[in-house]
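In what follows, chain A forms one complex with chain B and a second complex with chain C.
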Partner chain A sequence: MKSPSTLGKNIERIDARAKAEGTAIYGADIRLTNMLFCKNVYSERAHAKLLAVHIEEAEKMPGVVKVVTGKDIPGAKMFGELFIDQYAIAYDRVRYFGDVIAVVAAETQEQANEAAKLIYADYEDLPVLASPKMAMESDVAINPDYPDNICGEVHVNKGDSEAALKEADVTVKAKYITHFVEHAYIEPESITAVPSPMRDEVTVYGSMQAPYNARISIHRMLNIPMSQIILRPSSVGGSFGGKIETAEANAIRVCLIALLTKRPAQVTLTREESIRESYKRHPIEFDIEIGAKKDGTMTALRMISFLDAGAYTNMSPPVAFKTAILGVGPYNVDNVHSSSTAVLTNNNHTGSMRGFGTPQAIYALENTVDTLAAKLGMTPTEFRRKNLLKNGDVSACGHLMDFHEVSIRDCMEKAAEAIDFDRKFKQYKEENKDPRRRILRGVGISTSMRGASVGADGNGFDVARVLIEILKDASIHVNIGLVEIGQGLRTVQMMMAAEGMGVNPERVTMGETDTSRSPATGACIASRGTMLGGGAIADACRGLKTILNQGLSMKYGDDIGEVTYEDDRVRFGEHDLSFDEVVSIAYGYNLTPAAVGTYSVPVIDWDEEKGFGEPFYSYTYSCHAAEVEVDLDTGYVTVVKMIGCHDPGRIINPQFAKGQIYGGLAMGQGMALIEDLGHSDRTAALSNLNFNNYLLPTAMDVPDTNMPILNGHTDPRSAFGGRSLGEPATEPAAAAITCAVNMALGKPGAINELPFDLERVMEIAQEIDKQRDIDAASVAAGKA
Partner chain B sequence: MANIKLSFILNRKPYTVETDPGKRMLDVLREDLGLMGTKEGCGVGECGACTVILNGKAVTSCLVLAGQMQDAEILTIEGMSDDEIGRVIQDCFIESGAVQCGFCTPGFIMSAYALLMENPTPTRDEIRLAVAGNICRCTGYIPITDAIEKASKILAK
Partner chain C sequence: MKIRNFIQVKTVEAFHEAVKAANGSIAILAGGTDVLVNGREDDVYKDCTVIDIFPIEELHGVRETENMLLIGACTTHEAISHDPLVKQYAPILAEASGAVGSLQTRNRATIGGNLANASPAADTMSALAVLHAELVIERDGEARVEPMTAIFTKPYKTNLAPNDLITTIRVPKLSPNVRYDYIKVGRRKVLSISRMTVATLLEMDDEGVVTRFDMTVGATFPRPMLFPDISAMLVGKRPTEQDILDVAKALSDKIPEIAGIRKSTVYKQPVCRNISERSLRKLCADILK
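Let's turn to the complex of A and B:
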């Protein structure tokens, strides 16, 4: 009988004790002898030629050791993960208010701060393009590589959506708009660079989600070999996709200072600096049209979206890929056209953020679906029951879904049941008609299918690697570069390594990510950590077993037959050895039980030209349901309860999975209702630079009754059966809440701009009141 | 400002430091005393990551001036591990999945400690209110409320 697996258990998070005791070291906690403190100086223009940066006064200030500008960068002047177009320190132009024009390094933070105030620049103003519309109409190119300011275009085509819309019995056309959203990791960015006294080498610590990408940029810009750039992320205080490019820019700056001064250098952003400089979630405008037959069969879907990329290309093209492709949802629809266009502006650049272009699209799609359902006289669940994908269907992008359990219908039923959707929908719809009722109630439901890992736009380069070594005491040490950013990945990797070797998890030790010890593995992005890391770990475990088996063959002869590793025991033929014995046999023959593991996502069949095929290797299915109350007199929306039902493949650690869902629901709630950076579409500035006016949901706002439901089905396309959950956990949340609010107001699709602030809800409420008066008057007139 | 001598009881031990009285308490803890468990997330008293206990009350140490530490009794996360109640709260945070990225965790634990000192048997709503000044972006709060509720039940026994 197969023994119970490590997987599926609530194994304690390996970093929890240090974090709960306050001893875990985050970027800003690092203190080193002789360390310099740095301060960034930001651009005072959103778009200008940078004529000169005056640093002379600052250089004379007490304690100042070094001031650098863009001219001090010895190598390439720009960096980027996929598209090289971002300044670490601007030198000829500034493209947004978050560009840094100089960095001061001093003996103390106060001295650096004081000196930074004396730095100023000469600018020649350029037109500020503060929205995609302005940028597309302008003949000014923000980046000369993109003369029309368009930096990415992706489309999907299936069937003939135009003809199908004409033939449809019922159609709905709508517009939806979303806003900038801040990641709001509670730890602001902090990076420390430590130069080696022995050679041109630098070690970098701090809050980094993608250390291998940073290594490439530091190498290109500072002209030192990649082998002599060592990145060791500290405990990362939240990231959500946010500690990539901004952290990298700061890493380049402090590495430059460390190498020039031969002293350790640290930069820690204030919250205002973090919000000013960091990239955001893309604001997107959607024009959407869907059509159906009278019986409710969805026949056509057109979604045209424009994404505000901000000042740098950053991740906009791959974000547009997910908006276009995953934005069409988990529906079985034959005629689809979806196109996403990313446009450069002088706003904060936009990039990776939990969901990566999909929470916006799902919000647009699901509200439109509700509008269509209402027009058809169907409830939201009735319409979805008829149209959601099932096993063997072809997805809206052309993917034949015959390779794993397509559980989206089941996810929806479980979420609907948990919130008692069908009963409440009926009941609240009736109750809300009562004109004396000032608090309206609503329920909303939304669905998504999330591509696991990068997808076809990364065809061929989506790879993860690991190095695992078994030591003489039979402990198993895992070096992996997929970073723990708070989600519990390090513990999940440990569990998978134990499973892969058939040993107790206590044997497995996890190294801190260190680029000089772990092979390059891509970034911990795209919810790829569990599936890709798992694939690499499984591969390394196979390699290790081959080496251990070689030792067994040397001792017991070539005909030992099949060897099984299970229960911390190794069994073959009549033999039943402890794992320790097998390891000492291997060492006894001078074997080296160390192995690298590699996993590449197979190349998938996606026709980019046509916009059709297999955009992802696998998918996670999700359904969120929300119940809300809307106060007609104040416009205030209270979220009463949310359900998050997900199928992320096999559940590796239920507690961590639930943790992702709880957090994802809360993040979606903030996005839908309150989070607002106060962006000016005139000046391109953000006015809400700290948490006193960028409001986040608190424990009092997030319903205590929120409920995660794990609906895991082991995925044959993943080594340990698990896929991804980080992003799916937040993806449909804003949609579910907005659908619920629009249902409460009795007007599906009525509020079509995020965030739903009080004023917008009030406006609709007043319209409802007016309509009620008219209705009442006509009833009275009728009676008279 | 000229440095002054500040004497206070920190984590049940007497301390005297010579520092700028205009400094923030957060900086005295982190920079002068090297106690890095108290975190800075916003600097304006909104996120609660720098929460410590000053004379029995949970305060955001980024808004407290060093001068106010004079003669005060102060507890920080570093004083929790060898405190009976603090230890139980830490254990419950770990067991309940209330720790993810962990950056907000010390602040939440201090708010929880202040609550349980004042009200050993809080309701869930009282717990939520007590930590409403702490922001967590990872956990969606429910595991934190679970942890504090669990701690209160263990301590009531």
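Let's turn to the complex of A and C:
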């Protein structure tokens, strides 16, 4: 009998106590002797040539030690994860209000702040392209590399969607619009760079999600060898995809200052600076059309989307990849065309954010699906029951789903049951017809399938690495660069390493990420931390066992046969040894029980040209259901309850998994209803730069009754059976809420622009009131 | 936040002395929930002597006379929302104070600060307006009384001099017969600046004839307002459904009339009408039957 595994247990987070007791060190907690405090100076234009930056007055201010501009960067002038087009400090042009034109370093923060106020620039204004439409119509190129301002295009093609739409019995055509959304991590960016007194070397601490990317950029821009750039992310106070490029830009700036002054330098953004500079979730405009037969079989789907990439390419092409490919949903539909185009503008750039281009698409798709279902006289669940994928189907992108349990139907049934969807849908639909009713109730449901990891867009370079060493006391030390960003990944990695070695989790110690100790790895992004990190850990464990087995052979002879590592014991033939004994045998023969593990996602068969095939190696299935109340008097929407049912593969730690779902539901609620950066489509400025007017749902707004449901099925394509949950947990949430609001209003698809705020809901509420007046008048006239 | 000097005072007298000693601009600090926010955004207090009045014992708490509640200006919203006297004699104020910010904010934020800050969205203003509250203001040891609504000139501006200290909010006690309703519309349940508040007091005799009616809208006009013409629409009548519709319409028509037609009017006017109807129907439920 196989012994109980570490996996699936609610093991306490290894960082829980330090974080709860306040001893964990976050970026801005760091204080070092002789440390300089830095202040960024931001562009006063959204688009202009930068003619001169005047720093002379600032340099004379008390306490100021150094002021740098773009000219001081010795190496390459730009950085970027995939496309090198972003300034760390702008030097010839500014492309959005978040560009930094100078950085002041002083003895105190106050001195740096005062001096920064004296810095100004001469600009030659360029036209401000504040929307994708303006950018596509303009002959001004924001980045000369993209003369038409288009920086990414991805498409999917299956069957003949145009012909199928013509043949369909029922079709729906709709437009959906989404807005900028802020990550709203509780910790604004803070980075500290410490120069080595010995050599041209710098160590960087702070809130960073992708340290290896930053290492490349610092190397390129500051001309020091990669080995002498050491990144050690501090405890990260929230990220949601947001602690990558902005943190990196700030890391480059403080490294520059540290190297020039030979003093430690720290920059900590204020909330306003963080919102001003950081990238956002992509606003996307969708034109969508779907068709079905009378019996409800979905036959055609066309989705054309334009993404606002903002000032820099950032992650827009891969985001467009996910919008186009995952936006078509978990439906079995034969004729599909989906295309996503990312357009540069002078807005905040947009990039990685939990969901990465799909929460928007799922919202557009699922509201359209509800509209079609209503037209067919079907309920949302009836339509989905008919059309969701099952084992052996071919996905909307052309992927034959025969390699794991396709559990989307099951996820939907479980979510629907938990919220009592079918009964409530009928009941509320009837109730809401009562013209005296001022509070309408609604339920909504939405489904998604999310590719785990980067996908075909990163075919061949999607890799994770780890270094594991067994020490003389038989403790197992893991050094891995996939960063803990609050999700519990470090503990999950510990559990997987214990599982991989067949030992008690107490043996496993986890190093803080340190790029000088852990081998380079792809970042903790793209729903890949658990699956890819797990693959690398499994590989290293195999390597370690080979080394330990070598020791056993040296002691017990070559024919020891199969060795099993389980229950903290090592067994072969007649032997049953403790793990400690086996480790001391290896050390006794001067072996080195250390191993590097590598995992790369197998190359998948995706035809980029055609837009057909296997876009991802595996998928997580998700269904969210929401119940809402809509106040016709005020437009106020109350979320009453939400359900999040997910199949993220094997559940490694149920408590963490639930935590992800609770958070994902809340994040979707904010996106759906209240979060709004106040973007001006004239000036490209954001007006809501702090949490007094960028409103997030509070603990009082998120229902206590929200309920996660874990519907895990071990995935044969993942080393430890787990896929991913961080992104899926947000993906269908905004869709479920908006579907519920539109259902309550009795008009599927009526509101088609996010957020569904007081004003937008009120507009429809007034239409309903008008219609009720007309109905009442005609009833009265009939009676008369 | 930059300031010139900081002084804490424990008595009103000490406040006046501190004002004299300051020689230069002064800024009063009560709970600080507006001051600290303003001070963070700009260097508005950099030349000011900040006088912290929160420790002044006599400005905290609620007392009563025969006809009046005397609310110390430094009484926090949380204290007001639970105060037995306020709940008995001015329950609409308890609700309004209870609607401010979040528990953390209410534990610190004071009613005096809410008024002196003069934000049109201040939650207690509509309630205090229908209560016909008055303010006791002291300057240099001299006290004067003004109607609450009289100190406001425009959004975020009052006619108070820098050395004017609001010491007391005087609220005429309501009889137990007065019905009240307070509605706050915000974008989320807590920590939400009002989009609108509607405060209503309604008293009827045994026949259901209205003897007192005060209703106003907050977070909508440049300053708190009372409308005698609206009150006159119900006083002396036994309200009907039609009266309710008429009052709600008349009140909501004040919005474009006074505040002008703005982007927000499209939202506020119908919402004002809707929630006014809702409030009045609730208050007259037994009469309408």
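Following the convention adopted for this analysis, the second predicted complex is superposed on the first by the 784 of 784 C-alpha atoms of A that agree within 3 Å, B and C clash if a C-alpha of one lies under 4 Å from a C-alpha of the other, contacts with A are read in each partner's own complex, and residues count from 1 in each chain.
By our rule, a contact is a pair of C-beta atoms (placed from the backbone, for glycine too) under 8 Å apart; a residue touches a chain by one contact, two chains touch by 3 or more.
Every value quoted in this text rests on a predicted model; they were computed, and no experiment measured them.
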**Request:** State whether chain B and chain C clash or fit side by side on chain A once the two structures are superposed.
**Result:** fit
**Asked** Which partner does A:Asn692 contact after superposing on A: first (chain B), second (chain C), both, neither?
**Response** both
**Complete:** Check: chain B-chain A-chain C angle from CA centres, nearest 10 degrees, reads 40
**Request:** Go through the superposed model and pick first if A:Met762 touches only chain B, second if only chain C, both, or neither.
**Result:** second
**Request:** Pick one for A:Gly22: touches chain B only (first), chain C only (second), both, or neither.
**Result:** first
**Touching partner for A:Asn706 - first (chain B), second (chain C), both, neither** = first
**Prompt:** Who does A:Ile485 touch here: chain B (first), chain C (second), both, or neither?
**Reply:** first
**Message:** Per the contact definition in the header, classify A:Ser235: touching chain B only (first), chain C only (second), both, or neither.
**Reply:** first
**Message:** On the A-aligned overlay, A:Asp633 touches which partner chain: chain B = first, chain C = second, or both, or neither?
**Reply:** second
**Message:** Going by the contact rule stated at the top, is it chain B or chain C that touches a larger number of residues on chain A?
**Reply:** B
**Asked** Touching A:Leu471, do we find chain B (first), chain C (second), both, or neither?
**Response** neither
**Asked** So, does A:Leu665 touch the first partner chain B, the second partner chain C, both, or neither?
**Response** first
**Item:** chain B versus chain C - smallest C-alpha distance in the overlay, whole Å
**Value:** 5
**Message:** Need the overlap of the two footprints on chain A, from chain B and from chain C, as residue ranges.
**Reply:** 692, 698, 700
**Item:** Of all residues in chain C, those that touch chain A in their complex
**Value:** 37, 102, 185, 187-193, 195, 266-267, 270-271, 274-275, 277-278
**Request:** Flag every residue of chain A that touches chain C in the complex, lowest number first.
**Result:** 438, 632-636, 674, 692, 695, 697-698, 700-701, 757-759, 762, 766
**Asked** chain B touches which residues of chain A in the complex?
**Response** 10, 12-13, 15-26, 28-29, 31, 183-188, 235-240, 270-271, 485-488, 655-656, 658-659, 661-667, 690-692, 696, 698-700, 702, 704, 706
**Item:** In the complex, chain B residues that touch chain A
**Value:** 34, 36-47, 49, 76-78, 80-81, 90, 93-95, 97, 99-106, 109, 124-125, 127-129, 131-145
